Amino acid sequence: MKIHEWQARELFEKYNIPVPRGYLCRNADEVRKAAADIAKPVVVKAQILVAGRGKAGGVKHASSPDEALSIAQDMIGATIKGIKVTSVLVVEAIKPEKELYIGFTIDRAMRAVTLIASSEGGVDLEVLAKTEPEKIYRKNIDPMVGLHPYEAREAAYSIGLSDKSANDFTSICLKIFEIFNSVDADLAESNPLAVRFDGSLVALDSRITLDDNAVFRHREYYQVDEELSPLEMEAHAADLAFVQLDGDIGIIGNGAGLVMATIDVVAHFGGKPANFLDMGGGSSVESVYRAVKICLEQKSLKALFVNILGGITKCDDVANGLVRALKESQLKIPITVRMVGTNEEEGRKILSENGIWYLDSMETAAEAVVKSAYSRN
Amino acid sequence: MKIHEWQARELFEKYNIPVPRGYLCRNADEVRKAAADIAKPVVVKAQILVAGRGKAGGVKHASSPDEALSIAQDMIGATIKGIKVTSVLVVEAIKPEKELYIGFTIDRAMRAVTLIASSEGGVDLEVLAKTEPEKIYRKNIDPMVGLHPYEAREAAYSIGLSDKSANDFTSICLKIFEIFNSVDADLAESNPLAVRFDGSLVALDSRITLDDNAVFRHREYYQVDEELSPLEMEAHAADLAFVQLDGDIGIIGNGAGLVMATIDVVAHFGGKPANFLDMGGGSSVESVYRAVKICLEQKSLKALFVNILGGITKCDDVANGLVRALKESQLKIPITVRMVGTNEEEGRKILSENGIWYLDSMETAAEAVVKSAYSRN
Amino acid sequence: MTILVDKSTKVLVQGATGREGSSHTLAMLKYGTNVVAGVTPGKSGSNIGGVPIYNTVKQAVSEHPEINSSIIFVPAPYNADAVYEALDSGMKLIVDITEHVPVHDSLEFVNYARNKGVTIIGPNCPGVISPGDCKLGIMPGQIFSKGNVGIVSRSGTLTYEIAWVLTKAGLGQSTAVGVGGDPIVGRDTVEIIEMFEGDPETKALVVIGEIGGDAEERLALRIRQVGVKKPIVSFIAGRQAPPGKRMGHAGAIISMGSGSAGGKIKALEASGVPVAELPSQIPVLISKSMRQ
Amino acid sequence: MTILVDKSTKVLVQGATGREGSSHTLAMLKYGTNVVAGVTPGKSGSNIGGVPIYNTVKQAVSEHPEINSSIIFVPAPYNADAVYEALDSGMKLIVDITEHVPVHDSLEFVNYARNKGVTIIGPNCPGVISPGDCKLGIMPGQIFSKGNVGIVSRSGTLTYEIAWVLTKAGLGQSTAVGVGGDPIVGRDTVEIIEMFEGDPETKALVVIGEIGGDAEERLALRIRQVGVKKPIVSFIAGRQAPPGKRMGHAGAIISMGSGSAGGKIKALEASGVPVAELPSQIPVLISKSMRQ
């Protein structure tokens, strides 16, 4: 889960990591006052949870409070990359001598936290990793032990720092690691981390994403993902894994891998899947009901495919949920159900009694659903 | 380093461990007000850093604010076990259904933190350990990993708790462990930890001692050891390890083991050592000077023995410090110096030039100092 | 022989009295799994289908010292504690079924387990089954059949799908392992393949992958570097998945242009591993690869 | 052969440019110890008596891969970090001289080291010397002489005292180990005795104990239970120490009636270990015990 730059910045401040002077503002007048108070050139940064905001006009320099005001008037309320800007961060513009990168992420294969540092900050690290990988310093940190000061120091010397810069880097590195752990982050970085004229360091940007599974420990940061469609938000609120796609065949299944495969198989037979909807394991009648309701809210759906392989999930629960949802929604498109596994017979009995057609094989069912979707047109 | 019960109690409160309602009071009037506010029978507890305060009259029950006032009038300002009472803790008197023990300490041999729990609280654990060791539950906790909730739960069930008491115990146990680590404690305990009528637990007492070596991380708890003599306090302020004994021969040396052995050897030859004074390794001229000055402040000293085996300590530094201190103090008692090791020759030269007698062997020197002390009478 | 579980597996169920825990305790018993005891704090003295319940793992293990494996159904906020309780009680194998375990928790206990030499499967996994011998998981047992194909999968239901296809084609399984759909798992695809390589019962392998991470790419690299002793075929889910979107599993996301199904398929095929487009093609590919 | 250190010991000095660090680097060099490099952050490029200084242990080890041991003079607040830096850089032996190290720090790094199989001596110790071969410590080298008596001690200067008595009596030492005066040390008296038992060079042992803890009692128990292969004599400091008072060392305190010199002497004597009342008696006791 992404959190806003201003929230990450607040965490940096709480841990005494130097950041440029700045204020979070919700209207243009506040921006003018903030710029006047800072009394130096400022940067106005749109607080939206999306990458590439700079290139899309979400980050602008102002040399006077009036200029900041005018930028803010344009920016606040505007839509950048599909997201409405409701607040901006106004910070002192700092001209760095040099820009560094520092960040922590998780290495899946090594089961470790990775410290990443580079003498080349302010650029896209993914690009740098491809063009000049030797400029990126990586060190895996044992999560049982944590980051030792010596490891932060090694990183500092390895990217060519010395004296005050090396000491500042070491200290900032340790603090970002503390933040990384304290909020259950899966990414915490500063890019760029600027070196100033006197060798001191200041974090010009701060970016943190939290582990979705740990949000229950950090409710204060809970954030609706602004990039989600309204329907995706509704599905997430109902605890369903739901992703909208471009097609017209609704897909519901139990288990992420199975639903992904269902989509692939439907596409293989020439269908265009409209969505990914995983009800998860152990779905109740209620969750099946909600899944179908949400899936059917998609406009221009031409067919619905429900693919159930019961393990934890019980086929009779699914059947009951399906029956209830279909009755309420007065379904006008063809539905194909594939249902095998736990309580298969009970489930099929319920479907039969309610006149719902079912199949045994996923592939046969996928072919059938594609046919049913497009032959009606 | 011991900290006061009220400080430990504050830590317990900060970590949401239930404690009886209570106030720290510095005069009798405050005590009356506190008791009136609590509006129940109270206990008045002298805040002194010494064991056995209860039996010495430092803990008294009062059934009314007036009784509390009168107890406080007697207690505050009085001297208990040699220590003047300047404050008392006034807490609600709780009649427990049962008293438990919970504590954490350090197991030297196992290099672990030990969780100790017992269904028999409110008694001296050392005594219980001898009479009914089977009533004490011990579990070593890996300091690299910390205490898991399951370990606290195991302890709770092992001492016969169930339901709400088991849950409360688990939670309190985890919190005391957190405190133990957060303040670098070498002991943190609640004795008794009371079980109330409804099965809930409340910490009737709280006791914490901090690791002396970690006090630099917890300056806010820094506490003068009230059991020290004025001279011991002065020595500690000068960073000297100094313990007063009952005898009349002053002992100074470098290294704790050597000074202990020196005392033993002096006693072996019939001398009565007046003190333990370890200047530590790497003593400077200045620290030797201060050591001698403090040692000579002891009244009725009959002789002084300086035993130096130079490793880090340089004999010439010691000699220079000695000369300076002896000159200033116009020494009136015999001094015996034993000095070998690093820069031995330079040191001896300085001693010779200043007319100070020295020997090679610790045992010869010890015999000599004993003779010098008692033959003068 | 099979890998991870067999007839000698003596099972403890942690979180045995919860909804999932109790129903799968019964299902495992029914399958013939040697479920010896269960644990739920505060429920000592009760039982699930005759399986005695204890307050702590320590208590269970002291009453039943034959226990060597544990399966965990303890909700995410308390899951790590349950894993440590198992890890510190002498288990050789721990199957962690629970989903939504915070990644910082699993990072720590997975490292702790590796230092201790204990095998964790999961979290967020369907478990392990050696058909006919032992089911230590939540998979529907009737779908699997005894045989010589080893399955390793990052998915649950997709594993059942493919096992079903294999079973219908007469290709039984030695062991099927669902490694789990989280970014951090106790044993990953490559490590399970290494176990299968040492198992004489297993003659061919099916790798069921999905988008996200680089487990499949690392497997492909390993095959190129040191080879693999047994024929492998694969199925990768998520060919149609859009980048940047988490597809159900915490680990199933194409981020920064890496972890796509296309990339994985390319890597595997470059290492000589045929990748099926449809589950039904897998039996054919296996038969073909075993003939070579 | 000796224990812990010998001519193959290649030494790194951490905290090499500080007052103690630099003077003991020179003293060790003078003694003939193979001091290869030193570390002080920010001082890379300088040298102490010709020994090159680096910013990090990693840098030192990559320039001098022969380094296998480290001696640490880093002040208490930063000491743990220096120990971990050494532990993670492939050292086999770490001698931690620093005093006043917080016990929670040493608890952690000592456990970490044990899991890693690395030997830590200290903290708050004088180090280790195998006379004539290697001095990895702060003891005055001239007091020691090569021979067959192994010394293990919880004290610094008292060790020198007894080594001096032995040397004057013509009894040289194989290795002398100061385990450290803190409550938590990397290797304790019992463990060092076990090392000496396996060392053919060592023919007799001197155990120098003091009040506090139960290292001597545990040694006595071990001797009663499994015996000891070599004659042991002992000296225990603190017969006159009052209870409840910390005698200089963090670990030297008689608390709750345990850890007194009397108790230790009784335990050792009950196990057949003669305990000297005066240091000068030790050579006599050794000669006697070796004759038996």
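A, B, C and D are the chain letters, set down in written order, and residue numbers restart from 1 in every chain.
Simple rule for what comes next: contacts are C-beta pairs under 8 Å (C-beta built on N, C-alpha and C of every residue); 3 or more make two chains touch, one makes a residue touch a chain.
Quick caveat, the model's predicted, so the values are computed rather than measured.
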{"item": "Those chains which touch chain D and also touch chain C", "value": "A, B"}
{"item": "Chain separated most widely from chain D, comparing mean CA positions", "value": "A"}
{"item": "Pair sharing more residue contacts (C-beta pairs) when A-C is set against A-D", "value": "A-C"}
{"item": "CA centroid of chain A to CA centroid of chain B, Å", "value": "54"}
{"item": "Distance from the mean Cα position of chain C to that of chain A, given in whole angstrom", "value": "27"}
{"item": "Separation of mean Cα positions, chain C and chain B [Å, integer]", "value": "54"}
{"item": "Junction residues of chain A, two or more chains touched", "value": "144-145"}
{"item": "Junction residues of chain D - those touching two or more other chains", "value": "112, 115"}
{"item": "Chain-level touch network, classified as line, ring, star, complete or other", "value": "other"}
{"item": "Set of all touching chain pairs, with the criterion as stated earlier", "value": "A-B, A-C, A-D, B-C, B-D"}
{"item": "Touching residues on chain A, where the partner in the complex is chain B", "value": "144-145"}
{"item": "Of all residues in chain D, those that touch chain B in their complex", "value": "19-20, 24, 76-77, 99-105, 107-108, 110-112, 114-115, 126, 138-140, 143, 153-161, 164, 181, 183-184, 188, 208, 210-211, 213-215, 218, 235, 237-242, 245-252, 256-257, 261, 277-280"}
{"item": "Chain B partner contacts - residues on chain C that touch it in the complex", "value": "41-42, 44, 55-59, 78, 81-82, 84-85, 88, 112"}
{"item": "Chain B to chain C touching residues, read off their complex", "value": "145, 148-150, 153-154, 157, 162-163, 166"}
{"item": "Residue ranges of chain A in contact with chain C within the complex", "value": "106, 108-109, 111-113, 126, 142-144, 181, 184, 186, 211-214, 216-217, 241, 243, 245, 253-261, 263-265, 267-268, 273, 276, 278, 280-282, 309-313, 340-342, 361-363"}
